[in-house]
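Next come two complexes, and both contain chain A; in the first it sits with chain B, in the second with chain C.
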Partner chain A sequence: MLKNLDIKTFMPAIVLLTLIIFFTALNPNFASMRNFARIAIAASPFLMVAIGVTFIIIMGSIDLSMEGSVSLTAVIFCFALVYFGGSVASTGWIAVPIALLCGALYGALNGFIHARLLIPSFMSSLAMGFVGIGATVLLTGGGIVRINDDIFRSLLTYRIQGFPLMVYLAGFFLCVGIFIQKKTVLGRHLYAIGGAEDLAKASGVPILQTRVLAFALAGFYYALGGMLQVAKLGQAESVTGANLMFLSITAAVVGGVALWGAIGGVINALIGVLIVAVINNGMVVIGLPDFIQDGVLGVLVIIAVILSTNRSSVRFVK
Partner chain B sequence: MSNFIKEYIEREKISRRNFLFATAAGVSASALPGVWGAGPAHAGGHGGWALAWSYRDRASAYWNTIVSGGEAYVDSLGMAKSDMVNLINEGSSEKSLSDIKAFLAKNNGKGAIACDANDSPNARPVAETVRDAGGYLSTIWNKTNDLHPWDIGDNYVAHLSWSGEKPSADAARALFDAMGGKGGVVHIGGIPANIPAIERLNGLKNAMKDYPDVELLDVQSADWDTTKAAEVMSSLLTRYGDNIKGVHCANDNMAYGVIEALKAEGITDMPITAFDGNPEAVDLVIQGKLLATVFTNPHWGGGIALGLAHQAAIGAFVPSEEPNAHREFYGPSILVTPSDAAEFKKTYLDATPTYDWTDRWGLSAGQIQYT
Partner chain C sequence: MLEFENISKSFGPVRALNNINFNVAKGEIVGLVGENGAGKSTLMKILFGSYLADSGSIRIDGKSIQFASPRDAMANGIGMVFQEQSLIPNLTVMENLFLGREAEFTHFGIIDKSRMAASARYQLAKVRLDVDPLTVTSELSFPQRQLVELAKVLTLEEETEGDLVILLDEPTSVLSEEEVELLFDIVNKLRSRAAFIFVSHRLDEVVTLSDRIYVLKDGSIVDEVTRETAEIPMIQSKMVGREIDTEYYKQDLKKPFDETTSVLSLKDISLVGLLHHVSFDVHAGEVVCLVGTEGSGREAILRTVFGILMPSSGTLQYNDHPAIKIKSPYDAVAHNIGYMPRERKVEGIFMSMSVAENMTSSQMQRYSYYGLLKKQAEKELADAWIDRLSIKTQSSHTDCSRLSGGNQQKVVLAKWRSSGAKLMMLDHPTRGLDIGAKQDVYEMIRNMAADGLGLVVVPDTFEEAIGLAHKVIVMKDGRVSEEFDCDQQDVRPLDLIAAMT
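Our next item is the complex of A and B:
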């Protein structure tokens, strides 16, 4: 992947730096440690989701189930935490593996429906996303589940070097994601399928198994995102995952993950998430009126994609 | 996709003040006295009338509470709650209208219906359909400003809506008092084009006229969303820092996000006000984490809307003999503050109050005004 070390490879990082310099020039407060911590808090759950969908995009597929998956696992986590005593310091910790397992199973089911029943991932994952939101509405009755566990919430409130614990946790799972991408058979198979599925199949890559595993991995990361959302907000409901579909796919693409597959990786997702989080934070910090923010975000996203995606090897876009 | 859902929920609360139509509004206050009012009078019970509530969906706490009011009314007639027919339009005006037509056809016109028409223009065809079939109708939230019950006749009994401006101003005054009458305030608003978002911001601005030392630092939209509100609030802290002395939120959900964004910074004593009076928000008021929220009593609104249609149908009162203030009126709003939050929760949330549905306008907050 890194064989053509031209400027395009570093463009996402350059875009990110340019944005930081731009916002700092307009309001020096932007470049304070406290503000970076605020951006990091906003970005942490969102990064988990973007890493999850990056695995699927590398494979040349798409996953639109994240809003349902994040909401569902966040609500399951809250219910399980309350059911098992209300604190992760005692038996409540069991809510963590329960939520992660539910996320992975949900993802695996999503992948199975897509790969076994030969339904395009766009359609199957969108449908599964709706199923997830529907299940969340059923579980909550349209209401909110709140948790009051100060130990779990210390992910937000306890800081090391100015950054809350959740940022370090997100950093750890970022490293896990990089490891899976670079050092495991699954990671290599994802690129093989994304590059040319026929060739991968002919070379003996187990397509069905890889696809299901990839979606399960994505689901695992969505569950992580869901739990970090709960850490951030202290509550879960059927709209906990709202907006994450657009934001996470945008972030992956802005960071340099190409929607046609096999280009980019987890690091690109990180930079993309930071670009989007910096834009969102910066627009408020420099005092942009709210009614033009959506428009500015859209324009900046297009510019960022033009600058940061390596399109030289692409012969057609679909 | 979920932003969509939020927007929808708020959007269907809108359009009372479609400014374009305001000046065109007919003001024939004298109305048409009972031309179509053909309902035979029955004593007590449902009097052979079928009852229905037509609304958007069952997935939102708001609509569930509205419907619970309708069911309470049906229950008060000695019928089973399941005797109230749920006509769920799923956000489609066409389905809203066709459901009502089917319901009236099935009951030979003897239907008493409460309805949110889904969007404002749909209220007129719904009202005319019900009139032509001989049924009785009350509407809530959505209708155009030029449509009035008294122009349609006795079959269009009443329209009920809620104003955001005054209660929002009341919340703002409580906020300013908690700030000591001075300092910077930020407003976290809904989707900018939504009427409730506009009204609630206007309420804040109106209240500011009485507090010259309060400065509105910034207005930022968070699309009614908890997550976005948390992010917007933390960005505002970067911009304004300690100058922010109070936060005025256009709904409860966004206030939850604001509270958490401040908690992340170790700020727990900032006065924050919200709107909607959800159970979680009331709990936060009791805990002292939220200064105030506004409750609009959707249970009563849902019950009285159906009750008015049905009572007019059985001849318990004649709509055209009532003043206009009884046919287009605002629902109640209650400011929930720390001093009364526990009492409020006991009365309205832990138990549902039993209402005398024949006290038809007891909780009305006055005739709807068009500006």
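Our next item is the complex of A and C:
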């Protein structure tokens, strides 16, 4: 078994460890429990989004709707929470399934437009992302929706072993993602479509349903990401999902998920998210000025992709 | 003029070529035969500059030479006609012919298209292909593309001063009988200018065309025979290292079938431009072979039955059941119809998935419970079939990309057999397989028939058709031209050819 695995499989993990050592060497405070908790908090919503898009990438498609989806579900969640009493401890809990359902439906619609109307997923999901942001602006009137529910905010404030609850929640849905990938028919079908769509069709894989279902699943995870953002920030607005598109797709690729499909999985997304989160946090910890962080992040991401992805079997890249 | 001396090449621990000594004289046609994995492709690739040999020397006209790239090889007058087509489908014929050599036709970076077209016409005339050089390549048929491929190599004639060596890697696999003859004709005409190395699975063609034949086995040349002494059975046994029953397609291995149970019945099926009023029946345990040229409608029938194409008129009846309607492959699978496509790599097997995952890929319903996979059952199924068909694989979770072609084909058959298929559509099931693997596939086809499955096969050769089928249906221009009942009469390849043309 082990001899089938080569070093390249572990490269993303090695890159992650190297980064941690690197930043710790520059500032020992990086490796403190408090800082790790900070990284975990930043990574939690972001991980949900990266897992969602990973399912789509495995299928050989792409989903660019996450920024719209996260903002929209976050705002819907906040509105619903306020409308149903303002606290998840009482009737407000219903906001959670409402947000998740909206996320899944939004994803399903995204998938349907792509798969049924035969629009490349790049285009359909990009457009749907804008629709999502537009809808959010419409709902909020461009403003910010705040929530004041201590019970819900305990996801951030209540800590076990130094890590807040939301990190454990993200961990739980990470496991759910792994389970879906490895143990369900849907997971298997994603790899089949990503590997050879014609053959999947000839084997009786229901392509349309699988595609729509995959996008719905991605939408569900974006909604989780949206709610964790609300837990983190205590508010939602049209820019709640900003930056997540670049970060989540980058994380998947850095972690070893191949953009042409069928290679990699949820675990790769996790490692990729941690790499990106560590870079982001590390730049702050070592005191890099604000205005150059974006540029440095871009450069570091390219280096991380070079180091961590296995490109030897790829003859060309488009 | 071209000599290989003690060429060896290893890939990791695997010795692909072992002290190969090999030469071609000017004007000579040399055949190269061997089973899959014997080292033919490696040898060709070293010659064409795609690989570097680990040791040994290559000489052209006595001069020692080493090619760093195919470009180098071409500059030295060596051209290769690829088995897997190397033309770029979205470019025109002439753009393909002169790809990478546009500079010859440019003035200050602008391509003189009319001059290029004229030159292309001249090249196409050499292979007697009458197509407009401005045609987009994807619009050509496979045989036409193969000829363009040859024409592309023949442009070397004008390119280089010296003599040419042309490598033909399985050039006939997509050609019809007449086109093969045309190809042979062209090759013979060019002898004065070029030496040829001819690689093919079709031994009869190799024996007909070649002056000398090298037999490769396990990376070594085990024999060298001249045209005068070449005999197919002898070559076959050298290739596999054991005596082969040349009558492997013998009739008496067939079992009688159940004439009362029809598993598939086509009545007056038409499909605009492809099929016209096709009718025939397939019974449980019966093997029906469809024979015809490329485009005669053989594949269209398979695809129609499997729900990929929709007939414009006529009725399809499955299992004597008029109510079953098949509108998609999904329906077909649900009604126990299996399909083994020709392009194994593209649509036959999931290369990045494991043996076990491939086997259950068409029967997810049985190997799942409310959407959850039954992994243990899946593994047991895979292990059972690996054992039953003696599939050579490390384990059931090995990726199929690591298996040889023959073993991949076994995985595909196991997938459909284990899913309980009652009707199988097989499109060129033995294409690209070596003799040993072919026989395994024949045996599996016979076993399936013996177990009561109905099979529709588009075979690679006439012998295969006659040897396997209870009934051979000859297709011509989308119509059934003739039906041969192999149980009643002794059918010979010539009869089939007569019905095709």
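What we mean here is this: the second predicted complex is superposed on the first by the 314 of 318 C-alpha atoms of A that agree within 3 Å, B and C clash if a C-alpha of one lies under 4 Å from a C-alpha of the other, contacts with A are read in each partner's own complex, and residues count from 1 in each chain.
Going forward, contacts are C-beta pairs under 8 Å (C-beta built on N, C-alpha and C of every residue); 3 or more make two chains touch, one makes a residue touch a chain.
Keep in mind that this is a model prediction, so the values were computed, not measured.
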Original post:
Once chain A from each complex is brought into register, does chain C clash with chain B or fit beside it?
Top reply: fit
Original post:
So, does A:G255 touch the first partner chain B, the second partner chain C, both, or neither?
Top reply: neither
Subject >> Which of chain B and chain C A:G234 touches, first, second, both or neither >> reply: first
Original post:
How many degrees apart are chain B and chain C as seen from chain A, counting from C-alpha centres and rounding to the nearest 10?
Top reply: 130
Original post:
In the superposed arrangement, which partner chain does A:G226 touch: chain B (first), chain C (second), both, or neither?
Top reply: neither
Subject >> Which of chain B and chain C A:L186 touches, first, second, both or neither >> reply: second
**OP:** Identify the partner contact of A:L199: answer first if only chain B is touched, second if only chain C is, both if each is, neither if none is.
**Re:** second
Subject >> Between chain B and chain C, more extensive residue contact with chain A >> reply: B
**OP:** Based on the superposed arrangement, let me know which partner A:G52 touches: chain B (first), chain C (second), both, or neither?
**Re:** neither
Original post:
Can A:G177 be said to touch chain B (first), chain C (second), both, or neither?
Top reply: neither
**OP:** Could you tell me how near the closest CA atoms of chain B and chain C get once both structures are overlaid on the shared chain, in Å?
**Re:** 34
Original post:
Once the complexes are superposed, what residues of chain A are shared between the chain B interface and the chain C interface?
Top reply: none
Subject >> Touching residues on chain A, where the partner in the complex is chain B >> reply: 27, 29-30, 32, 34-35, 38, 41-42, 67, 71, 129, 133, 137, 141-144, 146, 156-157, 164, 229, 232-235, 237-243, 245, 280-281, 283-287, 290-291, 293
**OP:** Over in the complex, which chain C residues touch chain A? Could you list them?
**Re:** 306, 308, 329-330, 332-334, 339, 341, 346-353, 357, 361-362, 364, 368, 371-373, 375, 394, 398, 415
Subject >> Residues of chain A touching chain C in the complex >> reply: 4, 182-189, 191-192, 195-196, 198-206, 262-263
Subject >> chain A-touching residues of chain B, taken from the complex the two chains share >> reply: 1-3, 5-6, 58-61, 64, 189, 192, 218-221, 225-228, 230-232, 234-239, 241, 256-257, 260, 263-266, 278-280
